[in-house]
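Let me begin by handing over the structure; questions about it come next.
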Amino acid sequence: MSLSLAVTHGFPGFSLDVAFDAPPGVTALFGRSGSGKTTLVNAVAGLIRPDTARIAVNGTVLHDSAAGVWVPPHKRRIGYVFQEGRLFPHLNVAGNLAYGGWFAPRGAVKGAETRRVVEMLGLGALLDRRPATLSGGEKQRVAIGRALLSAPRLLLMDEPLAALDDARKAEILPYLERLRDETDIPVLYVSHSVTEVARLATTVVSLSDGRTTRVGSPAEVLADPRAVPTLGIRDAGAMVSAVILRHADDGLSELDGPGGTLLLPRIAAPEGTSIRVRIHAHDVILAREAPTGISALNVLKVTVAAVRAGEGPGMVVQLDAGGERLLARITRRSAKALDIAPGLACYAILKSVAVAPEDIWIAGGEDARPQADTR
Amino acid sequence: MSLSLAVTHGFPGFSLDVAFDAPPGVTALFGRSGSGKTTLVNAVAGLIRPDTARIAVNGTVLHDSAAGVWVPPHKRRIGYVFQEGRLFPHLNVAGNLAYGGWFAPRGAVKGAETRRVVEMLGLGALLDRRPATLSGGEKQRVAIGRALLSAPRLLLMDEPLAALDDARKAEILPYLERLRDETDIPVLYVSHSVTEVARLATTVVSLSDGRTTRVGSPAEVLADPRAVPTLGIRDAGAMVSAVILRHADDGLSELDGPGGTLLLPRIAAPEGTSIRVRIHAHDVILAREAPTGISALNVLKVTVAAVRAGEGPGMVVQLDAGGERLLARITRRSAKALDIAPGLACYAILKSVAVAPEDIWIAGGEDARPQADTR
Amino acid sequence: TARPANAEALTVFAAASLKTALDDVAGLWRRETGTEIAVSYAGSSALARQIEAGAPADLFISANPGWMDRLEADGFLRAESRRDLLTNSIVLIAHGRDATPLALSPDLDLSGLIGDGRLAMALVDAVPAGIYGKAALETLELWEQVAPKVAQADNVRAALALVAIGEAPFGIVYATDALAETRVSVAARFPADTHPPILYPAAVTADSDAPDALPFLAFLESAGARAIFERHGFSPAP
Amino acid sequence: MPFLSADEWTAVALSLQVSVWATLASLPVGILVALALARGDFPGKQILNGLVHLPLILPPVVTGYILLVTFGRRGPVGGFLEEQLGIVLAFRWTGAALAAAIMAFPLMVRAIRLAIEAVDPKLEQAAGTLGASRLLVFVTVTLPLILPGIIAGAVLAFAKAMGEFGATITFVSNIPGQTQTLPTAIYAFLQVPGGEASALRLVLISVAVAMSALIVSEGVARLVARRIRGS
Amino acid sequence: MPFLSADEWTAVALSLQVSVWATLASLPVGILVALALARGDFPGKQILNGLVHLPLILPPVVTGYILLVTFGRRGPVGGFLEEQLGIVLAFRWTGAALAAAIMAFPLMVRAIRLAIEAVDPKLEQAAGTLGASRLLVFVTVTLPLILPGIIAGAVLAFAKAMGEFGATITFVSNIPGQTQTLPTAIYAFLQVPGGEASALRLVLISVAVAMSALIVSEGVARLVARRIRGS
């Protein structure tokens, strides 16, 4: 077990009571403002002493209030990206980045890794600058770099990308994925962005008012029609597996996907690579017959597995596509017109370009870099 | 003219040179991390003294370096939501919220308004708390409230919603829209979120490396195929106008839209209201013939106006729909298969639920509240 | 110029070394006359400067004639009231209750007796007790040999303390000081002719309008006062 | 026999009076000077800084002497004050308070200055954008934030004033009931044979008073700091 | 005639030596005590706090006397030091430095303590998560951040040491060339009629030395602060 947590803590007017076991990889903490995410992360870091706690990472107990075990923060070897930066004002950017390395085991932080992180985060031109002169996003990037370069045994990231623009996010996310896939450093990742969560997380923990409401794989949590109210309707969707068959000349990749061939914008991975794709429910059109003469390239044969009405005009339809689950969100009017009911065989239509690059990633390949095509 | 700016300022290694005139309403500042957004906002607030500047708000000159005019910050009556909160640690939340009112003209901040803002931001339970005990999102909400309640003549908001979850954003955005529509307080709004920008902005100013790259209405800037590289392909799309015809029983609203009837999830505005809808390019499917038996409810007659190839597998197709422009993004393969070329008459297909509630707003009605249906 | 509020009460400025004796005399005066008297004790230099600056002193008793001379020259005193009130003598003291008496002469190996210790004195160029001590040692041709071993304290009481606690084996202090300190004993008395006369002059200040000033000055020379002073080791001035 | 004589009680009361006044009266000036030194940028700033430190550098006797020739009744300032305003400092408890205040001033200013320098100017900027003028920013933001520093400065000043001796005795002499404070009374006892016991008694009183003030102030400062940090 | 006599030159040099040593040697202790008072939570904290302030409250003569009976050759600590370590403080410049250091200690500690209290504990927490032990956090984060406070404390201590007189002369006396510092020399001149001019000369020297130190330190402190704030 990679990360095992059972924490209770009370503030006046707020109480946290969370327990979950997460497998190795990225555990996403998801929840509204004030739901207790930072409190939980601080407990893992040892910055607050929760009322009761049992926290273990990769089998090492960090805190066990019952047994009287408490590892002080500096012995936990944690890379913590704080919600508010917390850069050292007296050190320049280079000093901030190097700080963690000073205390890491000898040789744990390699020069090449430093250069790679500096480049990935676009910090090359800032190395001599003091934090006080950095822009908000630049500060956050330095904070990410500082945590990554401390040779951590556990990464805690509290909304690390919130201050960044989409282009910068798109540069950093693949690095985090690689970290997840190539190392066994567990990551506890707080985010409000379902896209980030779906892409990175091995496990999703959804918090509400200090209590866990759901724990599971993103596929489970995000494709569960019942999760829709928690996640927000716009983020409902399913995750499907596919294998890259061929990279076509016109910039598309052909995949062996659920219920047929999938065409997606070029995926920067060799042919034969297994990938995972998140398909938003609101991007899927259902049709009784296979349409022709339309620009949408993907038409998958599916069977309706379940139908769940929402509160508004929409319904969430769970589909079976060659054994995998897909979600479609359509209006009640359409459902009626098309007579959508469990058991119905129909077609799911999906535009290639509707799938965002950040919704495609390598399923767990060892060295294949999950870089989405930049078009 | 609501906001007129011409600012140059140099930091070692960075120079800002920006000039634009923005009409009343919300002016969105858009640009990558480190592009100079905060620097510009600080110049407007009077917190830095730029090398040269001419800044006027609603005709009042705040700074004119040539004429030697410089209004000190506290006389500018600005509500500034800082990128990093900056709450007063010695005051509780109520004190922070009230602070601006102490210096505003007598009676400018009404008790009812305070209550409304407190409720909208969900701060009721926090009024007695000190900032040090608040969560990241709670701090940011207090900062927003503090700025709103200072009876400002100009609002500066530097990524005010970045730390908030989607549900909280959805509660705050309509308030900002109302502010924009019901008052004549100009707003300079920094954001990385195209959705926010498209929804709120009257004018979009895109910054890159301290220079303005585009200034225009969101419709212009966001629907311009040439803007695609600046904005990021995922955010390309067009804004179209429509009038609400009827609210159907099944939760849909029928609209008189470009090139035909549009069906969208219920819009909380009376029949007859003019609205604006942003339609993402990647949500639009093109078809040579009107398809039947599919779940997508909107099929619009359009003519291809222009075609622009991207670098990857996609192309951006500009469409004429009853005089309004639409954008569609399709693969080159589809374009070839369907023989898409300027002048071609074809159909644009759009799922109702593909249009996010935050992409629908009231075109400028006086009292109609642009509240998206919560489904 | 206006006098301070309590114009009629007598204010005496007196050298700090007179405190115990003068406090007793003042007590006697209060008992006998029933009138108030306040005595401000400080260093003679400070008091003299304060009188120059307009202090509300009616009477000044200095620990040496130097400051009195200066005040008189500058017209701060009623010259006719000046008189030498008391005299004192200086002694060589040693740490401990029963010091071996020493014969003061140029042949005395005082330096050897001091050893690696110190001879405690008041500041030899600034404070009266130090000045007198240095003069006496010079007259006795002992100064050269002991000069490097002299530890100068800021006042004679501090010098006494150094010997009393044993930090310095020897010291030069007033006889009055040696009298009351049980941890020291007198090893030798400096003959009066080895140093300038040790005098405590007193005078009424020019600004004084206290009716009691002159009577109190006279009282200081009365038999009762004299007895008290002698009890504290002072002698009436010749 | 009572523990303290009437004169000694007077000295205790006077010491308290002098120290409290020295502290309170110099506080506003101390805050202003600290503000000027921490934030100001004016010609002569280094001179002001030097002047403030002067009482620390000079032997107290010298400071007292300078006070005497300046604020004495025959001195330029003292004469002016007496003639124009009827204020007499020399040989009054007010003069003792002045001497104590001046001797304690560098300590007070430094403590407050350090506190001011620790205030994040970004908070003051934020207050500015919300409409507070520089003065109001100071009153509503800076002042509350530096309160712990002000308390620290006041405590230091009070303690110093309780112990001040050299400048006081030189400036206002040692007149019982009028200018005799605890330290000058202690001094007088130490000048005569057998005065040690009396001196010790007064020392204990002085220590007790100052320590009580210290402990109370620490408590207050801790409370204030905790309120700012948030319980 | 040269401006200063040889003895006076020696006094200037000795004053500098004493003040510099008093400042430097007490700095580590001062930092530790400030740390304990600012962050520690131990029984006897208030007592330590009181002890630190004691030299401020007591008349310097009393402090000097206490030093004398404690650190003198016959005193418990002084005897131990001499026998065990061969360190003699009484009547030596080292003793003058000790006296000056103790008199300046409350000022130094308070300045450093205020600086420590202004450090954001969140930064120290961040350093902790990055693997720095409490000691290393202190060295790599706290210490650099409180540098301006340390400089301020050192300057105050130095200035105080330059002016210290009462405790010094009581403890180590006035031995020209060995323990005669500037303040003692000045004091001596002020005791004799007509000594004012000579005293003034020495006062000017003393002021000049201390002011130079002050100005240099201000410059350094400003530089340090600017580096932290980011030019």
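Lettered A, B, C, D and E in written order, each chain numbered from 1.
Keep in mind that, in the parts below, contacts are C-beta pairs under 8 Å (C-beta built on N, C-alpha and C of every residue); 3 or more make two chains touch, one makes a residue touch a chain.
The model shown is predicted, which means the values in this text are computed figures rather than measured ones.
Path length between subunit A and subunit D in the touching-chain graph (shortest route): 2. Chains that touch both subunit A and subunit C: E.
Of all residue numbers used at the contact between subunit A and subunit B, over half are used by both chains, marking a mostly same-residue interface. With centres defined as mean CA coordinates, subunit D is found 34 Å away from subunit C.
Centroids of subunit A and subunit B (each the mean of its C-alpha atoms) stand 26 Å apart. Subunit C and subunit E have Cα centroids separated by 35 Å. One inter-chain figure worth recording: subunit B and subunit E are separated by 61 Å, centre to centre, where each centre is the mean of the chain's CA atoms.
Residue numbers of subunit A whose C-beta contacts span two or more other chains: 84, 133. In subunit D, the residues touching two or more other chains are 61, 65, 187, 190. The multi-chain contact residues of subunit C, meaning those touching 2 or more other chains, do not exist; every residue touches at most one other chain. Of all possible chain pairings, those that touch are A-B, A-E, B-D, C-D, C-E, D-E. Put simply, subunit D touches subunit E in their complex at residues 46, 49-50, 53-62, 65, 106-107, 110-111, 113-115, 117-118, 148-149, 152, 156, 159-160, 162-163, 165-166, 183, 186-187, 190, 199, 203, 206-207, 210-211, 214-215, 218, 225.
Within the complex formed with subunit C, the subunit D residues making contact are 61, 64-65, 68-69, 72-75, 88, 90-92, 169-170, 173-180, 184, 187-195. Within the complex formed with subunit B, the subunit D residues making contact are 122-123, 125-134, 136-137, 140-141, 144-145, 227-231.
Against subunit A, the residues of subunit B that register as touching in their complex are 11, 13, 31-34, 37-39, 83-84, 125, 133, 135-138, 141, 158-159, 162-168, 192, 232-235, 248, 250-252, 263, 265-266, 282-283, 285-289, 291, 293-297, 310-314, 328-336, 338, 340, 349, 351-354, 356, 373-375.
Looking at the complex, you find that subunit B touches subunit D at residues 45-47, 72-74, 76-80, 82, 84, 86, 88-90, 99-100, 102-104, 129-133, 146-147, 150, 156.
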